[in-house]
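Here come two complexes built around chain A, the first alongside chain B, the second alongside chain C.
Right, the complex of A and B next:
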């Protein structure tokens, strides 16, 4: 082992880290491929289309109880008294926990108080929980719990939350973060600028609403705990559960074989998982706890609301001379925000940049990462301002963007692993018919926007690859497939390296007991992290296998060249099927162990350009997105079929963010206005536009990032969609949108303001 | 339907071709009957209030939201769930089409989407893309697989006349 210093980027934030590096992870770049890069249907598709896939909501154990959570109706209140006696008397109820009886949990009482405390901080905060024989009985029991609250003052708006005297959300003040970054001198540059554009933007909260709700099943296996959890990070939940319950890590097993979507809301242990574990301890029975849709809507995370102000300035020729971007972000009670001003620092070449983020705690459910966190919100403001700048300069918006393309990373001056953004812009412009764009205000609009996102992955991550005695291979790793096709892509990478048909490789994942450590499936990191680890494991298996095969074939260990070809070991004219080699080895195992190597120096950002065509109705304010052209570059594609699905899915979610989704709270009461899927509108089949996508240089590996040459793609496609639609709507109606989602009422207001 | 209960009452229903006589809580929904009482976990509860379509099953060949239908309403009727589509291990043409065009990501809404397509094709063997959009507008997919789901439905249909 040696130690290297390297840069790791996660969800738009970079940091330096020391990494121990295993030997022999430095494989040569995968250049020519025979399997990787060919469209391949999912290897685990059949259980998904037959209903056989058992998600966490579908796990049933003998004696299992069903749990439910009582949640606060107040945005801020003291829990004065909880009377659960009537609920406890209900036949079929096995355990009730709340702040009034957590002391009965003994050494775990402090942990329980963190979740079931005597103060509630948002509508939907956990107050009590029950476990019963049947979900209907659990629901009945909740109705029989009497809670006396003392309501307290609350604050929802991020700007108001930071004012002096605002009601305090958590002890220590409402300022969650205040980050100021600058390069150059913006004030001086603004004095000399030819054109200055100032815009403001309010973005609404957006809720993940993965189709599978958050769900856990917790069961004791002797003194060990098994947790089935719908999570994006099995190993992370294992660590958090073990910490919370003071168990040795090795005594906790987390299973997340099938996950019904996450989008960022399932990155770590959620409160309900701990509650299920406590109920399992209280009742001595396995406990299942699946959240309801309204709980998903208010208590499991969201993309935070922002208030943004942005200034962009250019010289006479259209070169950016100054960017200033300020964002207030409401992260709820103890939530998280992505870097909203990140794109302003990273997307364009500009010598003078100032960004400031004021992140405020508010009396709402905690915000969390949501696909492209921060960059989705911030790119809307930046790209709206860029289009207005183009208009003021008399330049074509595509031309303005090409003119200001950054050749190196503008924030760090690092060299990019790969950048073909210019090609993305030109390809997209051609496909959408940008030349025929026409003047603004015709009712039909074309708009565009760009995207930058760090998607290089990171260590540590591990996998093993073992030859089975029938000549097949078993790849094991603790990563998970949240729906992106990870299982298929890893099988392709292993089969590529082993030169066997895809059907000869089985990938086992989604279980901490089955495979070694792997990081969270987030940050567009799974492919660039796991593909190299699996390739390394397969290559190590192959190396040992060839060593052994050479001897089985009667060759000197360093004798004739032994190779693997189409499921056979080959040496000169001698051929040996893998199955026969496995048979001769019997139960002796050949196991290759693989690790993800360190990140190189290059900046592993991915880029893309999207173009939107819309038709708008001046009378009703409605927007119809006819077409989206999405051109992205993420290095080598492992499976173009699933890669295309990521583009389409990102675009459709981005369309929802632009036009439909509004997880706003009612300011006077702090209650959600759209907790369910009727009021909170996610895109349906009727809303989905025609989507045409291209990958620039898809067959070619990216250099200088990892030895598979693949970068991440999960988040990038959602980033430019909303700003491209916003610019198209602005073009169609000659208006200046300053809020998302762009609902008909707002569009009518902007039309009125423009005339 | 007559008011029945309290306590479990008897229900006769055909599920995936097999006759069932079961005792069921009168306030059970069809979805609860399938998932909690019969262990058929293919139909999902994603919203539980008729907004998302993840629980779609066929009742007498018509797609319904199983989360909204009282279990006692299926007395004497034929219920088909995702588990009843494949015959002798051979996938239904709609299931195969979903696999071929990769019309799914996380797969949680997929059983409902497939049942909605099977229901559509039963009443309209040659739908247009717009017919499919309309028929599936009550089946949400947060992964955003709609373009591929529409393609899968058209692949599995009888094709143009």
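Right, the complex of A and C next:
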């Protein structure tokens, strides 16, 4: 072990970290591949689509109870009194907990108070919970709980929340964060600028609405606790549960074998999981707690609402001379925001940049990371302003962007692991027919936008690879497949290294009891983190295996001239099928252990350009996105099929953000206006455009990031979609959008403003 | 969440049985596809009733066919069957078009025209079409037998209909010689969307081109589906030209009373209603 200092980037924020590094993690860069990079259908696709896969809600245990949560109807109130006596008397009810009886939980009372407190901070905040024989009884019991509230004043607008005298969301004030960054001197640069564009933008909250709702099943196994949880981080939930319940880490097992999406809303232990655990303790029974769609809509996180102001300025030739970007972000009660001004800091070469973020607590559900947090919101403002700047300069928007491409990371001056953004722009422009882009205002529009995102992954992460006696391999790791194809990609990486058909490798993940530590599946990090760890494990397994095989074949004891080819050990003319080697070894195991090595110095950002073609109807204000061309570079592709799926999903989600999705609260009441999927409009198949995607340099490894040469792709595709559509709409109608989503009524307003 | 140990469900096998069941308990709630009722029950917007008469297995209510001069569409005809029916496509294609925009495939497989009519939502997609087609809604009770109600008289107030407690809808009748109807729906997205504004328009013109009759019906712009009678009057007897079209559009705001709600604003609805009317009239052929 040695210690290295390195930079880690997570969800757009960078920090220095000390990392202990294991020896021998430094494999040579994977150059030529025989399997990795070929389109491979998901190894676990069939159980997912036939229903055979058992998600958390499918887990049924003997004696299991069903829990439900009573939620606040008020955006801010004191819980004066809770009377649960009638609910407790209902036959089939086994436990009821709320702020009035948590003291009965003894040493765990404080934990319980954190979720079931005497103040509620948003409509949907947890007030009480019950566990009953079946979900209907639990729902009935909730209706029998009488709660007396004392409503308190509330605030939901981020700017208002930061004004003096605003109702306090949490003790200590509403300012959750205030981040200012600057390079150069913006004021001076503005004085000399040739063109200055100023824009403002309001973005609405957006809700993740993963296909699978949040769900946990909690059960005791002797004195150990087993939690089936739909989470993006099994090991993280394990630590948080152990902490909260004061259990030794090793006594908690978290299983997240099948997950139907997370998008950032399942990164850690959720309130409902703790509630399920407390009810399991209270009732002495296994407890299942699955949230309903409305609960998903109001209480499990969202992309925060923002109010933004941006100034971009250029010299006569079109070079950026100054960028200033200020954002107010409403993160709800104790929520989180990504760096909204991050793209302004990272995307273009510009010597003078000032960014400021004022993050405010508000009386709304806590915001959390949502695919490309911050960058999705901020890129809309930046790229709208860039298009206007191009127009004012008389430059083509694509040309303006090429002109201002950053050759090094503009913030840190680090060299990039790889940057082929220019190629992305040129390819996309060709595919969309950018040359034929006519003048603005024709009703048909073309627009584009760029994307930057740190997607290099980080240590620590571990995996093992074991030769089985039948000649197959078992790869075990504590990572999870949140629906992105991780299982398939890791199997491909191991099979590549071991030179065996994909069918000979089995990947086991999604269970802290089955595999070693792996980090959260977020920050587009799973591939660049786990692929190297698995490759290392497979390579260690192979090394040991060849050592043994050499001796079995009567050759050099160090296995030097023995190779592994096509499922056989080969030495000169001698060939030994792996199965017969396994047979000879019997139950002796050959286990390779792999670890993710440290991050090298290069800045592991990924880039992309998207182009949108839209048709707008001046009469109704409706927008039809006909086509999106998405050209991205994320280093080597492990599996083009899953990569394509990421693009398609990101684009469709981005389209929803641009045009449809609006998780806004009703200002006078603080209640959600669109809690369910009837009113919260997710794009349907009919709304989805034709999507054409390309990857630049897909078959070549990226240098200077990790030895597989792959970077992340989970978040990047959603980032440029909304701004590309916004620019296309602006071009189609010659308007200046200043709000998302760009609903038809807003579009009619902008048309009226423009004439 | 449904939790009803006290609801009695009757499942008649014929129209007679259904009418008898209804006569016995006039307060009973009729259940067809359940796509409106189940949502209301689940959301707690409506209490589970004591009695439900489930019409799903009444064969007489499910037929679609031509009888004499009229197309008959049974109340229990699902939107899917309406979309797929050669008779509907031949004689009332706009009805098939409207049914095709209801919810998604699952909803269309279960939801019925009778449910759409009786639910009486101002956003019900088939309702403006029935108004524009001057359809007759045939209702029946055991005591009084069948009673034809013109679509014009069916929706009386917000979610109120001319249906008496012991009556059910048997079928819809549409004359086969009616002029064709143009249907337009402006939803919140391209599928699975409740209408923000919908319009069904039919015109009959003389050989000389003058408008002899106009029926312009709207959804989502008033407490009930409504005809725009002033706009119709502005067209009647006139050639279809810029002047009459302008007059019709100018009259429209007096015919409709849109509101702000979760799906849209009053202002937007007015603007769009005028825009789609103008466009439909300007592009009218035949």
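Everything below uses one rule, namely that the second predicted complex is superposed on the first by the 752 of 755 C-alpha atoms of A that agree within 3 Å, B and C clash if a C-alpha of one lies under 4 Å from a C-alpha of the other, contacts with A are read in each partner's own complex, and residues count from 1 in each chain.
In this section, a contact is a pair of C-beta atoms (placed from the backbone, for glycine too) under 8 Å apart; a residue touches a chain by one contact, two chains touch by 3 or more.
Please read these numbers as outputs of a predicted model, since none were measured by experiment.
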Touching partner for A:651 - first (chain B), second (chain C), both, neither: first
Chain touching more of chain A, residue-wise (chain B, chain C): B
Touched partner set for A:60, first chain B, second chain C, both or neither: first
Which superposed partner A:119 touches (first chain B, second chain C, both, neither): neither
Which of chain B and chain C A:660 touches, first, second, both or neither: second
First, second, both or neither for A:6, with chain B first and chain C second: neither
Partner chain in contact with A:621 - chain B first, chain C second, else both or neither: second
Which superposed partner A:744 touches (first chain B, second chain C, both, neither): second
Chain B versus chain C as contact partner of A:669, first or second or both or neither: neither
Which of chain B and chain C A:442 touches, first, second, both or neither: neither
Shared chain A surface residues [contacts with chain B and with chain C]: 135-136, 678, 683-686
For the chain B and chain A complex, residues of the former touching the latter: 25, 27, 32, 35-36, 39-49, 51-52, 54, 81-83, 85-86, 91, 95, 98-100, 102, 104-111, 114, 132-134, 136-150
Sites on chain A touched by chain C in the complex: 135-137, 139-140, 619-622, 624, 660, 673-674, 678-679, 681, 683-687, 744-745, 748
Contact set on chain C toward chain A in their complex: 1-3, 104, 186, 188-194, 196, 262-265, 267-268, 271-272, 275-276, 278-279
Complex contacts: residues of chain A adjacent to chain B: 41-42, 45-55, 57-58, 60, 134-136, 208-213, 258-261, 263, 290, 292-293, 482-485, 641-642, 644-645, 648-653, 676-678, 682-686, 688, 690-691
